[in-house]
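The data blocks that follow each hold one structure.
Across the two complexes that follow, chain A remains constant while its partner is chain B and subsequently chain C.
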Partner chain A sequence: MTAQTTIASSAFLQRNWAKDAERFALLGAWAILIAIFAFAVPDTFFTWRTFSSMFGSQAVLVVLSLAILVPLTAGDFDLSAANVLVFSAMLVAVTNVQLGFPIGISIVLAIAVGAFIGAINAAFILYFRIHSLIITLGVGTFLQGLTLWMSQSQTISGISMGLVEMVVINRLFGIPLAFYYGLALALVMWWVLEYTIAGRKLLFVGRGREVARLNGVKVDRVRMLSLVASSTLAAIAGVLYAGMTGSADPNSGTTLLLPAFAAAFLGATTLYPGRFNPLGTLLSVYFLITGITGLTMLGADAFVQSLFYGGALVVAVSLSQLVRGRQPQSFG
Partner chain B sequence: MTVQPLDALGVAPHDADILRMSHIRMKFGAVEVLKDVNLTLRRKEIVGLLGANGSGKSTLIKVLAGFNSPEPNSVVRLWGETLPLPLDAARIRQMGVAFVHQHLALVPSLSVIDNMLISDTTRRPYGIRWRAEKRKIQALLDEFGLAIDPTATVETLSPVERAFVAIVRAFAELRRSDAGRAGEGILVLDEPTPFLSVEDVEKLFGVLREIKKTGASVIIVTHDIDEVLSLTDRVAVMRDGRLAAMMQTDQTTRQEILDTIVGRATSAYVRAPRTVPGVPNVSIKGLSGGRCVQFDAEIKTGEIIGVSGLIGSGFADIPYLLFGAAQGAGQISIGDSVLEVAGLPPAKAHEAGIALLPGDRMGQGGVGSLSVAENATFLALPRMKGPFGISQAKMTAGTQALIVAHDVRPANPQADLGNLSGGNQQKVLLGKWLAEKPKLLCLDEPTQGVDYGARQQIFKALDDAAAEGMSIIVASTDHEQLAQLCDRVVVFRRGEPALTLSGQDVTKDKIARACLASDIPQSEQPMEVSA
Partner chain C sequence: MTFRNSLWLIPMILPGAVHADAMADAQALIATHTEIPVFVPPGEPFDARSCMADKSVFSIPVSMTIPFAVALEDGMARAAAEVGFEYTVWETQGGMDSYIQGVDHAVTQGYDLIDLAGGINPVWIGPQLLQAKESGAVITTTHLYDETQEQADFVDASARVPFSSVGEILAAWAYVETEGAPNVLIIGSDDVLPTGPFVESIQDQLSTYCPECEQQYLNVPLAEWGTRIQSGVQSALLANPDINYILPIYDSMSQFVTPALRIAGVEVPIASFNGTPFVLDMVREGTVKMDIGESLGWAGYAAVDAQMRQLCGLEVPEDLGIPLLIFDSANVETAGIPANFDDGYGDAHIAGYRALWMLD
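Entry: the complex of A and B
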């Protein structure tokens, strides 16, 4: 009995060691990346200005990635998130600049509309039992049409400086406030997912809908709330997006969708391997932007962004699969 | 090859034998599931293969299919050719053995033609010519007098028509095989009838007789003795991994077959006598849904009730109906609450004190990719709260307690549930529900795929829970398990309780007989409440 226990516990320790290595691999890779660029381009890369700019500029992507993380954990895809982001930014611009609403009202309106779009997604997905990929693709495309219509395909600038100040101009320790919004959201979501019953239910719904149902979870309600949360957070990301430049452009934000998914999946290989997790996602976003910034400073062209996003995702997820013996992963 | 002289089992070699399986031994780990089995099949013959659950008949069929490879010295001869071990599944099919499994392996959303062509590997250098294929399939269906439209989607067909499609597909495969050129072939049917009505079974048998006339042979695995008597030429009965008897159907009786299946040895295990001083606890009225047509029961505190019957007889739906996991109707009175089964959400059943341990452990019971601790504490999370939300320390401590109480191995709360053995998974999931102290615990096949030791531990845990006043209902086809656990066993037939065994009558043999027999003694009142 004692011998058995010892063997079991030593095997347990070994496994733990491999697990820890996997957990912190991305963190290590990030450190190595920083070291390489600090060595290669010390004067431009390894400065506080570069880091504060990287931290500040990626807040929108952080919030968007965290938004889609909620339904991903519950086993649903939200492809409309980037379109919600652009729509919400445009709504802020149109109501604030063209209709002259106070900026506070514009923001509240944009977030409320975001929540409403999430409810529409959920209604179609859950009532008609259609896969979330299809509905959110359709709703997202529809929203893009609305955005172009609403803006006459023009960039609308001149959004109240109050918002811009709260997002990029005001700084704490030299980093724009936007960074702290993303950080705070990641911490709150981490706490909700790990330390509340709601978070546990979300996880069970994603991993086994039938298991969750037979353990008394109201599965449809959980899925609905996850989709509403996703669109609401995407709308908040849209408000930040508008605040970044004080303007809204009807097209550019839609390209954030794939990087957001890349960050969510890459985040699932780290800190809590095998699980979508907010802190891992935050880490992934900054790992990716570090690589891109460094390569750009080394003289790479704009295409390096896509190369790095795509390449890093495939390589990281494959390595993580090697560590876990190539078992099929169930990402919800 | 050594051939035994004439033996008592009637499996002596015969000139017309197209299949001879001799001295088949099969082990799973240390457990021998087939112990020197001999089976023969002749040209133009229908053989029924019978036996209780766990008697080895499915394993024998899997050996014939080439999925399970038997021990050295086992001999499988097809059309006079001894097959090399390990067996090659593709070679066996090519030689002319085709299988129809209970679940038919049809894709419901595709057409009959699509489903028929999937197993057809004939070269088609010019691609599929759909009109010609349709004509060919239509001709084949006409040959058996089947009015099935080849372009119809399978999901629009009735259950028996789907069975026909699967059988005709297997027959078409036989024709394309090596043996098929001589008009021969072996069609193996694994329990095709449980979900069919009596009239449909008769139609199905008509088709099988037609197939026999073409020169092919049929092996049919079934539980139903009457079906065997009406269809087959010979009957093979398996018991405890051996061929217990091989009989000429026209020279035997249903009683003789029944005795052979059950065996004369009575089970040695005697359940400790239980005093049931319980008070009425749960009352079930007019429960229906799925294949269950009507079920009423009064269950006292501390009472364990079994529901059993043949597959498809409706008993298996009961645990799911009671928990609101399947659509149904009826009424449950439990404690102070009265629940309507129609539209009952599982969350509400849970609140009222009902628990369900489903048969599909990793599909419905727990999440294999999450840890033991996460699975074990999921229902207990409201009790796991610390100052900052759910406390990991409390989760681990709670799980440790469960692991110790139920002897879960490995004793590691962080292991993924999916990496545990079936028995240990079941102990975790059972422990999770027992910790909720439900008034009524519903179980479906609680020890399926569970090893012997874990099985005894699960029985003890259930016994202890009952001793504390829990009412338990167990749906199972494992008669030994029911005999060991239950105070009463209700046997179902065609969706309704046909017979209740209680007291001294709760034995493995009597339950088995009650499930297999279709003539119910008139004196027995359905669902009498045990005194």
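Entry: the complex of A and C
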């Protein structure tokens, strides 16, 4: 072995080490966070009940984050996702509680309407060649108006207990079923993105639309399907939201949009750094809720939780950039 | 040692007697708020129609997308229509720009009184209100301050809400329902103006009834109810499994408390305040144990009474004087099925205010 090859292989090993460190840094940070809280509040934090509670409570955010992740991977933003979530939850409430539809029909209707909204987003973005930020912002605001009109600005409670049971009451290993829906979705999306042609096409389109087009990928079709998938998944998140609370209100769900983007971006720093990925997003959601839960148990003020949430995002993305030598990142 | 100075020894000598007194006090307080209210005139009668003949009122609600604000404005508009003066509601969806626009519009149109209804803190638009005041408009607030709070300097009168009294009722309820052993989680939003005195009154009253009982406060900013109440309640329940009552001080918080209870797999009763219809429905369904309601129709009449007294140069009452009614499984169906903002309280206020304003 020559001196040159030794240097080359040691540089290669170093690069690999740095890459692996970056991939698993968030996982490590999560473990450290758990260890800190387990040490600080051992009797209450480090119990299965705490973890089952954390896992069970974040399914809506997980599904919404996974929803926006699909168009993000293709290079589009879906700012209407949280409004689709609220609209879909309200549609379930109005049709089930006020119009007396069976809950199954209400759910199917809400998901179908979600897919239709995605198609509207796609039609405007692709036909008129307008940036996805603008169209989805407009469609989202329009949906907010529709939701307020449909609900007459009221919160509607009394959604069928059948849905509530399927979301939070029924459990597997002590964890509400909602968690497994989010987990299953993340695993399916990971498999699709890694091992199917459709998933690889989505990644290619996100990396470079022109290159993808020159390679024979039908870019517009991929983008359209990603927007439809996003709205459909956001509608599913809305159904879960309705099942979680047993009610629907016209405003509060919209506050989930920024945490969903935070989770997606934080997720892009882990497991497959520089790429939006479902498992990283799942990990991010639970990393963030672990911090919030531990801080609450320690009696931290509300503002500390926001400091943690925002700070974790900025620090994680910045550290990830340091590891990769501060090269500009193009997420996708 | 005088008799008066030795009174502090009583709880040490007779703890059972003190407990019994506290229980009797709490039960008595609850009992006064379970009957359909009677009308108590908030001041001297006056000839409202002739006094208000050439007056006009411009009301800016916090947001007409909030059902509470809509119901409050409906009540105020109905009262104004009874008297017969010009009453305009600024149909806003909320937001500082819209409030400023509303004040400007009221000034240019020459309204006599500008009212901020349902939670707009006048400090947010202080410069604009000062200008309006300089141009001759009277500034009032409706349903914002607690009776213990000072109003902003440039506000002429405020129709206050007895949040502190509500706090005392909630504390009494938790004390009685837990048979004198409350371990309470209070949920509030410090960024909402009356939260401070509201929460303090719950805490103080609970400490008075039972100094050794545990209480915990969870502050969740208004904008984060949808994302933080659930996780906060779950954490609090995990950290303290002995919590036996939850008091979200604004009842719309309840919808985020119930999933937390379901996920944590525990049944802890909830009691709250506002009488929002969907929460009254939750009382009927058994998800929420009790909700203290305030008739917003009654509040609307009381607010207009305060505005008219200010414009007519009469003394304005200290608070809105609206009755607080406890809704639980025994009487919640009187609020309607589904519930609404106005049923269940009787209509004593309509005849009462008509007589007070000399309309009959």
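Side notes on the structure shown:
Criterion: the second predicted complex is superposed on the first by the 320 of 332 C-alpha atoms of A that agree within 3 Å, B and C clash if a C-alpha of one lies under 4 Å from a C-alpha of the other, contacts with A are read in each partner's own complex, and residues count from 1 in each chain.
To be clear about the criterion, a contact is a pair of C-beta atoms (placed from the backbone, for glycine too) under 8 Å apart; a residue touches a chain by one contact, two chains touch by 3 or more.
Note that this is a predicted model, so its numbers are computed, not measured.
In this superposed model built on chain A, chain B and chain C occupy separate space and fit side by side. Of the two partner chains placed by superposition, only chain B is touched by A:Leu203; chain C is not.
Contact with chain C, but none with chain B, is seen for A:Gly158 once the two complexes are overlaid on the shared chain. Once the two complexes are laid over each other on the shared chain, residue contacts for A:Pro42 go to neither chain B nor chain C. In the superposition on chain A, A:Gly56 contacts chain C only, with no contact to chain B.
Here chain B and chain C are compared by how many residues of chain A each touches, and C touches more. In the superposed model, A:Ser252 lies in contact with chain C only, and not with chain B.
Chain B and chain C, viewed from the C-alpha centre of chain A in the overlaid structures, lie at an angle of 130 degrees when rounded to the nearest 10. Of all Cα pairs spanning chain B and chain C in the superposition, the closest are 30 Å apart.
Those residues of chain B that touch chain A in the complex are listed here as 323, 325, 345-347, 349-351, 356, 358, 363-367, 369-370, 374, 378-379, 381-382, 388-390, 410-412. Chain A meets chain B in the complex at residues 5, 8, 12, 191, 194-197, 200, 203-204, 207-208, 210-211, 213-218, 274, 329-330. Taken in their complex, chain C has these residues touching chain A: 64-67, 70, 190, 218-221, 223-228, 230-232, 234-236, 238-240, 252, 255-256, 258-260, 262-265, 276-279, 281-282, 285, 287, 338. Residue ranges of chain A in contact with chain C, taken from their complex: 41, 44-45, 47, 49-50, 53-54, 56-57, 61, 148, 152-158, 164, 168-169, 171, 176, 244-247, 249-256, 259, 289, 292-293, 296-297, 301-302, 305.
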